[in-house]
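What follows is a structure written as structure tokens; I'll ask about it next.
We just call them A, B, C, D, E, F, G and H in the order they show up, numbering each chain from 1.
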């Protein structure tokens, strides 16, 4: 058995190329998969790449760039122009949620979408959000990232007239139970029109947002 | 072993009389305990009394009143004047949370506190809350009752400068898991200064609010 | 406190009118809210209405219709023409998931969207799905409803080039734990581009689909 | 997006300044936030700061003090006099609960409250508590910190006539499940008048106690 | 396959006869098993027998007695004298725990042990327990039954110099999760020397107490 | 959408015909599916059929038989001869596990396999099992059904030299949590060579046993 | 007490020799057990051996081989010929599942079975599986290994006419909860004929497959 | 507040001296508590002491001994003679359970009890236990230690006519969930007369066994 079967026409089929999930793969495996994919894809990217893994990949993969906060590395053209119409607004509740929010932002940008960022506007100081309503109003689709109690997507969805994607994070402690608390919060939201992704899955949120904009 | 040991000087010791928890007791047991307590206490009350239980108690216990929405029955003076200074504002997220919110309100009133009610102002339509900020601002202590995702206490605590007591309810379905979702939300709130009570425990919230006002 | 604060301009704000959640409300409360809402809204609908509740509402609310399988009742024009461009394809895994799939379908239709239904194509007989790929291909957005192991959305998302909304149901037994199993399956999907809603929340899936089509 | 939006008038709004949650922030982020906050606040504090993080902050932030047991660092006047009337008594069940109990104590003192400490009086030797009833009796508000089975708040609340704030800790092993056991114990207490905060949340308990004393 | 294999020499092997677990058996099965067992055993007993099941069994099984509160029915001699030395003291926290406490008491008495009962002495009014220390001091072995937060066994074990058996009950609501809360409390007790049995398992507690006295 | 897509060539594809899962289907749906299937299949069966549902089906479906203990109804030839070589031995731990054990037994017999039954040989009286070792030794494949602590499959697998299929049941109470306890027991068995099916899934166990014998 | 009782005639009794579970044993203990077992067994193997443990064992145990990906070390003949008829096909969903899939493969080969491998054919690109149907069709028994949402066994079982053994892995993050998600998926599969083993238990799957082929 | 309140007359009150729980205490705290306790107690012991902590304590505490496998250190007389009548037999299921089994054994010996050890007799090879029935038969009280599926106490209790104390361990992986699986197994045992202690609580089991022998 070969260790990886690259799903080469995933882009044709689903509109998005396969992206390498870095977690649980050896640097050798990641290198080989990247080399195989670069033939066919203008952009090749891998998520969940820690700095020490990047430093092993960098000498072996020509032209590899690293987005440290987002833990993403990618082979891509110098400058990526948005290919699609519309804006993905990404809103995060706290400073500690940034890595996940950036995973979403960088993924979306690498896939050709325009992104607008709004960080640290959690519900405990609701005026911070209300003072930035233009970010909600100018969005074509919203990604809302929150840990701890994860209440932000409910409030945003009540103000927005576009689809809302909620990303619970594992930021928190105690009864957060690794992100279970904000996950349940988002699933039980009394505001309708919210789609939830896995805990810390900034990547998946970006792909869903992209699919929506391509619709 | 006698089946119940009434804690007669609880009021002396803790400032609040013992209150009968109706759940899991037979109507006979409730009747007997009420008769024993009425000797020593101006107000005798029992919580978690369903209408069919009340109709069994009513003929046996002289002067018993029933607060149907709150599922409380009580022997009490005709009119109860507030005995303590300050206002307990009780805020609920949805219409379906009313029984628990009323359990808190009636308990507080029977114990001699002034209560202000604000119902159905959940976070999915945040303007409903913002339009009623006077209820928050005029409160000495706040009780916030919410089911589903339970996000309301976080928003309220960010606006209030008094203690907030959060009551998760079992209202919801699916991943609410009987109120676990709002319970976790409230425990993980990024707004500090919130004390949480058990799921559906309107009674306990009122007692805690009362203790705070007596301080 | 009045028992319900109807969020009258929710449609203006979010594009969708408030919908009455029938669970946990008395028939009297539902009747009153419907009467208040019918003034301002062309379509008034309530979800989670069991047949016995409907038979209490029907004599009091003029022109009330009942969608039994979906457990929805509504006041609406005789014939509802799609108001928006695009098709929502709704796919269910098993016969027992029908009530939830229909909740999504009827909600979407009442809100002015065109719906295509495909029932009972669970993954244990994958040819049933593969033989109906046109339903996937002609969709603008997909709602996939599944109980038991909830694997269908992963397979569908791998074939689709539009957004996929996954609805776990409480259909199953034993280690399904009330729908927890398919919920976790859908959240952990290795196919990106899936947004998950609460267990049995056909309504929420329809609203999210609608938001996507309005984008 | 700037990485942090400091909630500068939180003190005006809620009576307490924003406090930096050190967990999940880089030392650079903490330094920058502290510098921004020191302009406007007489006391600036950060919780969850481990010794190695402190040693990175100390050279960069002038006048920074460290409370090692409490894992708090703060910029504050030489001597902090109590600003408010009343005493917060903090009681802990075991020696291993000390870091959380001290987080509560130091937070309260930095915020201007008078604190009384009573350590290691768990219920397995109830005489240790009964011999110190004066600590309970002289309190205006009580914070009770306990891990393992977390039974102490129930006993204390039965003896106290002031509000009780219960803090479950993650101290324990096996079926403690990271503090779930004492959390559930405290939520289910048969003694009314207890407000529970998150596992290991000494900080939140102190803020709630402060809010109560300000009432 | 015959539907039941009675373990006739269990008494010889383990010191206790097999006892019929009534739950999940049809009245016909219970009747047949009782008839088979009465040949060989002086006392035949079945637990978890609701009143309606008893009324079906009573006409078919000669000499059957019913202990309603304990939900036990038994064929036994008119008067059962204690066969073993020592006293089993059974202590319960609340009135609602009585059925389980009585299941323990009646089982122990039918098996030939002397029982002392002390009901409704939960930790929220600790003086009720302290005023009855003679019940603890005169016990050879203690069974402590508690629902809600289940803190009583910890306090009792700190005062007792004999083995303590803890029985969590499903009495409670919300975050009790069907008795999970007191179960975890008892397992995590900081007082050593406690053996825990299943939720609501008064029967098992009595058998363990009996084994201890027979040692 | 038609409500059911019968997987007619499942037998060709997998060796077993589709079987109707009665739970969550209306009697009308079951009737219609049975009528469609009887054209093509010599044996048509439905599981999870309660007596009241059977009495509704019986007048509508010609030749329908009912296996009450197993809750199965079937259209089948008068007498079913084993079609395959080998014996499926089914062993149950307690009397209350019978309905699930019979679900497995009847399914296997209707599918053409020879079945041997051994009931009520749980591990608390291990001699009952050891006295029946011939049932283990003469088996080609074993199905072991147990609730409560679910320990029986481990012991059986240590004695058997054939595959063991373990079926946890929901029989038990308290910390059984609806069958979670025996499920975890079986998954963690220190005896290798055990395949586990869902809680109460006697049907699935029989199909797996059948697949093994057909190998 | 001697620290290990080797079950020497397990092979006689169950058809498979005891295998050493390396986790939780010191290298000294593993060495001693291997030396004792090599007398009586042609093949001696230990699972869950990390590279650093192997490097400690290797100098002490003559002829010890290491299968790094599978984390297995073994004393075995140079070349192992299949001893039994039939093929075990092992299919994995993702590259990260390889260590568990290889644990199954190497165990089966060391025990004398013929193995066919098919890696990285998860359901998100279903054509990868459908293009390799010959692997399913030529199998005598199937082992399907999957993490994340664990949907692959359901699809495979719907295509296969032989027994399917499902192995959930701990590969994933967030709501995977250490493999709970794919475990529940596999237990709730709507495809019958699947036996599930513990999370990451490639070893157990191989033993069960072997038992089936020996039938 | 002083950091520790030693419960000096615990021995008088409960028959056992306080024992230091090493986890979560600094070496300095442990040293100080030991020095304070050695004045009044012939034996001073601390549990959960890792080798590196011991090497810090050893130079500071005169006469300190270390029981490495049990992770206990103690100040005690050269040779400890049993002070009490009767034998505690300790039985473990697997080699990896030894640290917990030894924690129980060493605690019991230091407290003056006679101990008999039987290791590695798990239920997958039941003959290992049956061949050692004399260990069960000669016991006054039994401690049974098991991880993984934790089935051993059920089998032992069915053979023993003395009290059985069951100790679940965290040994296992996957669906063991840190010892939850054997804990549930033991609580749900169909064999009556078993008292369960916390996961990995060998210490608590020994104290309970001691209490039983002192009865």
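The rule is short, and it goes like this: contacts are C-beta pairs under 8 Å (C-beta built on N, C-alpha and C of every residue); 3 or more make two chains touch, one makes a residue touch a chain.
On a predicted model such as this, the values are computed, not experimentally measured, just so you know.
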The chains touching both chain B and chain D are A, E
Let me have the rounded angstrom distance from the C-alpha centre of chain B over to the C-alpha centre of chain E, please.
35
Indicate the whole-number Å distance between the mean C-alpha point of chain F and the mean C-alpha point of chain H.
42
Using the average of all C-alpha atoms in each chain as its centre, how far is it in Å between chain D and chain F?
56
Two or more partner chains touched - positions in chain E
10, 94, 124-125, 157-159, 174-177, 180, 183, 187-188, 198-199
Those chain pairs meeting the touch criterion are A-B, A-C, A-D, A-G, B-C, B-D, B-E, C-F, C-G, D-E, D-H, E-F, E-H, F-G, F-H, G-H
Would you pull the chain E residues touching chain H in the complex into a rising list?
10, 13-16, 19, 86, 140-141, 157-165, 183, 187-188, 192-199, 203-204, 207-208, 210-215
Residue positions on chain G within touch of chain A in the complex are 92, 94-96, 98, 117-121, 124-125, 128, 171, 173-177
Could you pull out which chain C residues touch chain G in their complex?
93-94, 122-126, 148-151, 154-155, 157-159, 172, 174-177, 180-182, 184-191
Chain D partner, complex, touching residues on chain H are 1-5, 7, 10, 18, 21, 23-25, 29, 33, 168, 170, 178-180, 183, 198-201
